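Each of the two complexes below includes subunit A, the first together with subunit B, the second together with subunit C.
On to the complex of A and B.
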């Protein structure tokens, strides 16, 4: 029987990351090929993210990796939403790499985690995106349907 | 009596609905009055594949090719039927032909993904068949050689007896042959490819989009190769090089023949990698 494109590739990614992941990235659960949870840490001494662990939720559609996965931070008692001018307080991430335009099918779960790590590492602003409160209150869209306005490119 | 086109359309409807028995019968009826219509043969072949009627699917595929030698669907159906019949060489030959026709035609791009997967499957099943044969032959040879040694031992023992050797001498002869047979078994054991041998797929053989071993690698302007089906699918959505994000169109892709040959050779030795 033909296996869906996404499942086949995710099976291989899982095989790979079950054996080894870069420092500061940990696989929490991957029960199916629709939703995976991973934890990331920022490894340098950026005071904004010291001693914190952040939970990421990946959701994959049937045409992954042609289409990007949906990636959000998830809040739990011991897993806060990191403070960053591109991360809304509900966990939605505004990163061109994860958008329809910026995504590339040679990216993978591991590379996305590493990009998010470096996005946090490079940040020094202790703030949310402009309009965070309004956005969080009114947004009912899925992250992939939101037309983000990329405020700046230097963060 | 209904017109062949009506019968065909009704057949297609039944096929869509999963009623392959009825679809097959309707295509057969249409063929009575329109026996030179290649599409009727491929449609009936597809219905017969669903019904596991492999031999008659082969007959339909062949009938279609006689009318339309470059029918991608006919080659594809033939390949599927041959694969089920374990005619692995024929299955692969028709799969590769279907793939080539699919690449050449712009109308069939939707089939490129499934056909690429099917080619890989043909390669894998063909390798498995060869592997089974190799194992059988190896164990056949091992048994034969050990049998010969056993015979020789019997002869040697009888000769020793005839020469009037005592109990100790006979045991010495027996020990000598036992060691020879043990050594022979060792040699075979060493020659056996160990099942635990680490099976690794080299990165150069793997498409960075589907993570499968490549069947038809194509190279971009930047010199990176991908499986044709994967990169074409990506470019349809976004005409950009996946690595550099520079504009890239499917028409700019070129086959990477050396890499294709290397992948073919790798799969011939390592058919298991087809669904790694």
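On to the complex of A and C.
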């Protein structure tokens, strides 16, 4: 019986983030090494995200951190899905960092949270991605199986 | 998830590990041989599970696995990883995980300076086996774990059994120890070889001795016993928040508390104060809530009287005539909608609602007006800017035309002069005086005295051109 690579690395990460997390990021639950929940906030005064907290769900495969984790926003009564041209209304995030190509094993949960924070901070468009309704209605795929086309380098 | 440092965690399957890793391990031939002979029966040390005694400097941590480097290599771009980690990473993407520069697996690797290796070797570590307290520098832990430690799982002496047993139990005379037995305390099924470790570490029902008072009790009660009851456990005086420094065995502390802790008075006072504060906070909260409700009621009341009182005031207040029908409706509202104002909800009555709507619209109109004004100002500013720009261009062009004009007149005068000169030279010297006069009037210096035969244009022009062009430029 061997402890998977992912669990060992996640154990180290958990140790680190339970001691200190960057401002605006909070660990909600990490009961196993498969699924973690974190809350993030946008700290500057971007009016789109002011006074809001967003819930992120991380799902780790057995080959994390070689493979990227699956990261989505989760909707709860007090946790909306943030408005962003790269975030679908079902919480799926289109970010190259989370794709097979953009991911790098030196990334970690903390750095992903911070990237998402800055992705929201830098946004000024109060809109969903084009074709959001169709995508949300039709898509049954897991985020990691979707072939996103990363065209927008501004955000 | 088993807690760290279980014997199971120490097992690393050799199959999972890329073989390249071994190529980079610096090991003496003898240890390599010993290693080869032992891998069949002994577990291999998993470097990612070793517990370090002191926290390891962050510069010595692999960016992929976040543990201290194990047989590290450096990429051509200068980044260092455990050989195993970089090999795994390159299986999916053949670029450096840090800067994404291309890396060719194994061929591009650069060996690390030995000084780093020495640093890693000197880190103090604990043996990953549970039950073993051995500590040493990291370079020796592999030998200890794989060859000497009595707790390292090795293959079962029974050739028909594929499971593993700790080395100390692996004597051939013991036979296979993997038959399951029932734990006498918790009724769980455990293999015979694990029963001791189960009862020592995991079993919730096993009877243990309290390490402080030696009392026998089952393990799951131990923590509570130590925290609350055990007379021999160390604890603090219950008034320590009030400044009492007494901390001793519970027995002593209890005596001290009963005999009257000097901080007790302060402590009780603090308790009382805390309770009072809670009450005050609650009352203050209620008061603000009450005041808020009161002010809302008052506001609504004044609004209603204002609306009901004077229609004139409202019409004069409204900037746009389109809202007037709304106002008249407001006035009619009370008889139309019977009283529903006292339900306490905000904007409960129709006139309140309409008034609010009206005010909102008015604010919007005001906002739009402001915005259009702003836009106007911006537009005219832009136009003005463009206009000044154009007029500048125009004056510039005018200037240039003037200059060209002057050049033209000068050239023409020169031409005329030449023609005249030529005519003069054929007719006689009497005309030269006139041509002189023309040249000086053009702004140049008077031509130097020369022989008359030298009056040829080509000779004259280089000297005069300097003097003549100057005043033109000044214009």
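Here is the rule we use: the second predicted complex is superposed on the first by the 153 of 155 C-alpha atoms of A that agree within 3 Å, B and C clash if a C-alpha of one lies under 4 Å from a C-alpha of the other, contacts with A are read in each partner's own complex, and residues count from 1 in each chain.
We take it that contacts are C-beta pairs under 8 Å (C-beta built on N, C-alpha and C of every residue); 3 or more make two chains touch, one makes a residue touch a chain.
In this text, all values refer to a predicted model and were calculated from it rather than measured experimentally.
Engineer: Kindly say whether there is room for both subunit B and subunit C on subunit A in the superposition, answering fit or clash.
Structural biologist: On the superposed model, which is not a single observed complex, subunit B and subunit C clash.
Engineer: Would you check which partner chain A:124 touches, where first means subunit B only, second means subunit C only, and both and neither mean what they say?
Structural biologist: neither
Engineer: With the two structures laid over each other on chain A, which partner does A:12 touch: subunit B (first), subunit C (second), both, or neither?
Structural biologist: After superposing on A, A:12 lies in contact with both subunit B and subunit C.
Engineer: Using the superposition on chain A described above, determine whether A:20 touches subunit B (first), subunit C (second), both, or neither.
Structural biologist: Touch partners of A:20: none, neither subunit B nor subunit C.
Engineer: Is A:51 touching the first partner subunit B, the second partner subunit C, both, or neither of them?
Structural biologist: Neither subunit B nor subunit C is touched by A:51.
Engineer: With the two structures laid over each other on chain A, which partner does A:65 touch: subunit B (first), subunit C (second), both, or neither?
Structural biologist: both
Engineer: Who does A:106 touch here: subunit B (first), subunit C (second), both, or neither?
Structural biologist: both
Engineer: Would you mind checking which of 3-11, 111-119, 147-155 or 183-191 on subunit B runs into subunit C after superposing?
Structural biologist: 111-119
Engineer: Check subunit A for residues that touch subunit B in one structure and subunit C in the other, and list them.
Structural biologist: Common to the two interfaces on subunit A: residues 2, 5, 8-9, 12-13, 65-67, 100-101, 104-106.
Engineer: Considering only the defined contacts, which subunit A positions touch subunit B in the complex?
Structural biologist: Interface residues on subunit A, with respect to subunit B: 2, 5, 8-9, 12-13, 65-67, 100-101, 104-106.
Engineer: For a test of understanding, state which residues of subunit A touch subunit C in their complex under the given definition.
Structural biologist: 1-3, 5, 7-9, 11-13, 16, 32-33, 63, 65-67, 100-101, 104-106, 108
Engineer: Considering only the defined contacts, which subunit C positions touch subunit A in the complex?
Structural biologist: 1-2, 4, 8-9, 11-13, 16, 46, 48-49, 63-67, 85, 88-89, 91-93, 97-98, 100
Engineer: Show which residues of subunit B lie in contact with subunit A when the two form their complex.
Structural biologist: 113-114, 117, 208-212, 230, 233-234, 237-238, 240, 242-243, 245, 276
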